[in-house]
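Input: one structure, supplied below.
First chain written, first letter: the chains are A, B and C, and each begins at residue 1.
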Amino acid sequence: MIRVGILFCLGIFILQNGIAAGADSPVSEATTECIDCHASVHPGIVQDWQHSRHAKITLHDALQIDGPARKISSKNVPENLKNFVVGCAECHTANPKTHADTFEHNGYDIHVVVSPIDCSTCHAQETEQYSQNIMAHAYDNLAANPLYQKLERSINGSKKRNKDKIVYEAANAATKAETCYYCHGTKLKVIGSETRDTEAAGELEFPVIEGWPNQGVGRVNLDGSLGSCAACHTRHAFSIEMARKPYTCKECHVGPDVPAFKVYAASKHGNIFSAMHKSWDFSAVPWTIGKDFTAPTCAVCHVSLLVNTDEEVISERSHQMNNRLPWRIFGLVYAHPHPLSPDTTIIRNKNALPLPTTLEGEIAVEYLIDEKESDARRKAMQAACLNCHDTSWVKGHWQRFENTIRETNGNIRLANDIMGDIWRDGFADFKTNPFDEAIEKKWTDTWQFYANTIRFASAMGCGGDYGVYADGRYQLTQALLELNDWLNLRKKLDTSADK
Amino acid sequence: MIRVGILFCLGIFILQNGIAAGADSPVSEATTECIDCHASVHPGIVQDWQHSRHAKITLHDALQIDGPARKISSKNVPENLKNFVVGCAECHTANPKTHADTFEHNGYDIHVVVSPIDCSTCHAQETEQYSQNIMAHAYDNLAANPLYQKLERSINGSKKRNKDKIVYEAANAATKAETCYYCHGTKLKVIGSETRDTEAAGELEFPVIEGWPNQGVGRVNLDGSLGSCAACHTRHAFSIEMARKPYTCKECHVGPDVPAFKVYAASKHGNIFSAMHKSWDFSAVPWTIGKDFTAPTCAVCHVSLLVNTDEEVISERSHQMNNRLPWRIFGLVYAHPHPLSPDTTIIRNKNALPLPTTLEGEIAVEYLIDEKESDARRKAMQAACLNCHDTSWVKGHWQRFENTIRETNGNIRLANDIMGDIWRDGFADFKTNPFDEAIEKKWTDTWQFYANTIRFASAMGCGGDYGVYADGRYQLTQALLELNDWLNLRKKLDTSADK
Amino acid sequence: MIRVGILFCLGIFILQNGIAAGADSPVSEATTECIDCHASVHPGIVQDWQHSRHAKITLHDALQIDGPARKISSKNVPENLKNFVVGCAECHTANPKTHADTFEHNGYDIHVVVSPIDCSTCHAQETEQYSQNIMAHAYDNLAANPLYQKLERSINGSKKRNKDKIVYEAANAATKAETCYYCHGTKLKVIGSETRDTEAAGELEFPVIEGWPNQGVGRVNLDGSLGSCAACHTRHAFSIEMARKPYTCKECHVGPDVPAFKVYAASKHGNIFSAMHKSWDFSAVPWTIGKDFTAPTCAVCHVSLLVNTDEEVISERSHQMNNRLPWRIFGLVYAHPHPLSPDTTIIRNKNALPLPTTLEGEIAVEYLIDEKESDARRKAMQAACLNCHDTSWVKGHWQRFENTIRETNGNIRLANDIMGDIWRDGFADFKTNPFDEAIEKKWTDTWQFYANTIRFASAMGCGGDYGVYADGRYQLTQALLELNDWLNLRKKLDTSADK
């Protein structure tokens, strides 16, 4: 009875995107069994899926679409899946032997955590691109960099007083999971199993997973793969519409270190999006400039397949995401050309520190993209700009942006110079941890908040507020002055103590 | 003539919610008289009301609705109201003898300020629940707590220099009304009357009300009742749609002390709301998970009557609002179990301070809910979570949240420890006012801004930015270090002065 | 062939606003030639225009509209334009001899930068009003005020260390263009020409313009005119809908110095806008209170032509924008009555500084509006308030607002007093630059961020968060205390050094 109800329910959907699904939308037997219970147990999940494209089209029908509108990039989709829509079982029973969390559940081998490899059954190209995305490596890029570990500890670590000092212990796993690794992704691990008394089916056994829940971009999955497609394509609708709106990016890019969303929302592009997007088409594939949307969202510049009204491809779809970006404007501690490898743990600067530049600003050339690659990426980005802006506009914008990279790096050079004196004079200790004292936090503010904000504001043509008074040049200058003021006061105190 | 025009105007509304109203929507004679003038004098008010449910359905028809869809909770609605829609006069002439601002106005006894008791004519249960809401008591909870009064004075008070000190006078009434009491609610008082020369009706007499205007959640009304339903159900549409959207809560919950909206907007739930809510149904009663909405807004977790797609009740409607909350994460100065009574002025800690904990963190157990009540509230909240998340997800989330409460409380213990030394050593004065010196403000930052922000971020599963860099653990650590740095410098100065 | 395609494309538009445009929408020959190439070269621009009112109605038809709905304010529109829609050529070839950037382009004299004078062909009244707007003069008001130039240099200037001091060089042109002058407007200048190899037409010659791109409100154009209509009426849709939504104002009014958008978004008005505006009509001219919208946006209070439901004019359209504002709440360094002339470079205070008040708060009366004008502006603003609020509400609101102006000015008087001591005692140097030292930045925070935020919060009836804890009275008090603490510490150090 319930089964019939569900199918009937699918049948009465009025569908977007012109996909005709009917009462006969072929749901696999396995998925139907999932829904039998979970429609009651987890109605939010089932409803979300029922509104999704996955629930409305069979792989067979999806494979009929050719050219840029095609959404399935895999060459070889298993025959046994083709005649069904993509339901619970299609993903949660895929590749059962490779998932450490596979468990027997009502006669099926289920795994809790669906991985990019599971998604690659249909979306192989996107999975391959994403594996080259620096985000896929976000766990180790933070957890396996000894210097960044010091920074992390100086923020999230438990703190105690030891005489006149604040000392740090390591952060506990729960704190780590909900702070840095909320976005970077946790490392998942099956650490046992437990029995739960379920309402629908009595006592059942489930795996216990350390680091769960998590949907971070660099999650280390239980099949060893990296990343979570659900970070952006929120489960269980996996909607392209949602991923294309800037709110998705905001989940991890809104703080003062990476204020992308705040800056975007105050830019001309963000204004046009906010005021006009109710009439845009966020589901069209490919995405037509001027017709489907009239100003870029994050996805337009960094991810999506764009065509012009003549149906010429302007930007290829890319889940690498930084391949139209010459500069990594997120300072570590300087803005620098993007790393060559998405695995940044291999980078060493001239002084053997795991940083892309020295503290004096010399870049670790062998680990970063060269001029030629920078040029190619700049041109790839500008190809989109030029659909709404003439050459002189685009040129002027980029000249300012690259001037700002030089100028902010110059300011950080000055911050490092003052901080270097503070360390040299023994007013703070570089060696144990360069990030864990009051004055070191003031220094961190300069490059992690203010220089970054200024660069984001410049990149998105929104220097007015975020470039000046909202964590911009005003605050950067203020922090530089306060660093210097602090040093001068300590020097003066030392001199007067010597008298 | 005007009267006919108005009724005709009502008749041509195309109504939402399937309520059929026609040219014969029965408006009472009294309300019709109100509208005769006010449609011209205050067209914004009248238009707003005309779009409201109140203008479209008689009490008689509303009372036909049974079960969870029923919106009228009062058992006994006066007969004389039943055949009319709810218009101006129905509310502004209710209970005339109890309202100190009742005045004669064109033959009617009108009062300006409609109170929850007036609303309870139809909405008795919601009024009763709200009276148990800590918000209803927000005026006295602030104004009658001597310690919080010191905090208020140290922020809003007029300031002067007295030698090398900044001294405070009490804030004036206008400042108080537009700061703390804008949200907490003012205490209204009729202080006289005045004659105004009105365009519509010549000279008329009106009451003069101290503390007006105000729509704060704990407004002390002129009939002695507490609160303003219009705080959330904005006059004169009193829309359930608006109250269910997070922008209403944002009016009072967006600053660094209670950054609920900012955190929500950057969470996965907030992302789904922002991207998808244009297709949700915000007016459905009851509110069906997955069908009417696909991610929670503030109201979903804290207020609304929720059902699943099987029409089973998941959460009862509650205008108490904290009865699904085990923890009060707003630190005073520590996060603590919720107070037993909505009147928090009765609370005394072990040291006789009007605080829910000592400065060392020991909770005032007799005034706060116990483990059993905490468990019941936790389960009531989790009942909603479990519609879209499995048990292990929900469990993992709550383990992290409660770890964060412990960890942030530990950090505040450290802040209090350093601040305690500063007071003990005479570098600041606790007794006069523990909040009114520069270094005391730095201390206040730790518990009022950063620990709070971290907890809100944890509660809503959004630790990425607000848990770390946006008023989170980074800033909390920085403030702790600066407190300690400040103390060390003063000690050093004293030592060198002693030499 | 392409030409036909375009016209056909225009023909199938389903139009908003009831403007009937058909396949025969008469596009001028010149504009048709533009589109022939640019539909491919700049599809985003062409598409945007095609969705605009400009593309859908001929001047002849637009001139048929009489009364408040009329959008063309010019008395004499050139006959040769009347039978066409307003396309590329109509604006980019207007007044060719006055534009320094006019260049020969495929047989036409084109200029890149369209100016308010070009727009005044049809919109003479708006252009005239805007020329009286302080915003039109934003370039010189900043660039030609020697004191503000010191402030600008102390923020955007390149910085170096000179012994124990930070010293400033002038900001470079690119930095200036993307910071202050992004909003204020740049000064444009043709500095040469360049040849580009274009895909569509081979080698072509284009002017090179210094200061380009820019859409700032006070841009100095190549015909000598001031301002850019596209600052708010974003090219190439020039949509009244977009200009009326608050996101447009946010582009320049969101930082802590002018937090108008942030404050609005957290106010009751902002809540109503956010929750309900999807059903408002943002294109109606005139704009009817209660019918087309139910709460003000920025444009409602400051710009738009408003009528009530009886079609009586409540507020005249004004592109002067400050003519309903008695107070300039943006502190320089005090809040003060609005300047008489939009050119503020002429202002001198009693001490000959180019400021509207002395540092002691005495206003430069002869340069500012008097009581009578203040009253007139207050009444003009209140005329809108009174449509949804009764007299006592509006009166109460304004009493609080003007109390807040007095109180915040009092706080700034105190800040100046402490800062005055710091300068007098030689702990900082007023003369060279009163804004360029660490402690001077702390002083700047008081009047540029916190007092401003408090006043914006008061003006928009949203004191709850922005008036207290979000850059409000808490932070203002904290900064005052820290200023004083800093001074006391320096004094103490000097005393102990003297021993």
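One rule holds in what follows: a contact is a pair of C-beta atoms (placed from the backbone, for glycine too) under 8 Å apart; a residue touches a chain by one contact, two chains touch by 3 or more.
On a predicted model such as this, the values are computed, not experimentally measured, just so you know.
Using only the C-alpha atoms, find the rotation that maps chain A onto chain C and quote its angle between 0 and 180 degrees, to the nearest 5.
120
Looking at where chain B touches chain C, is over half of the residue numbers used by both copies, so same, or under half, so different?
Chain B and chain C contact each other through largely non-matching residue numbers.
Averaging over Cα atoms per chain, report the distance between chain B and chain C in Å.
Distance between chain centres: 34 Å.
Which residues of chain C are in contact with two or more other chains?
278, 493, 496
Could you list, by residue number, the parts of chain C that touch chain A in their complex?
39-40, 42-48, 51, 112, 154-156, 158-161, 164-166, 172, 174-175, 177-180, 182-183, 196, 206, 208-209, 212-213, 215, 234, 237, 239, 241-242, 245, 247-248, 250-257, 261, 278, 436-439, 441, 448-449, 493, 496-497
Using the touch definition up top, name the residues of chain A that touch chain C in the complex.
Touching chain C: residues 265-268, 270-272, 274-276, 278, 289-291, 294, 308-310, 386-393, 396-397, 399-400, 403-404, 407, 410-411, 414, 417-418, 457-458, 461-470, 472-474, 477-478, 480-482, 484-485, 487-489, 491-493, 496, 499 of chain A.
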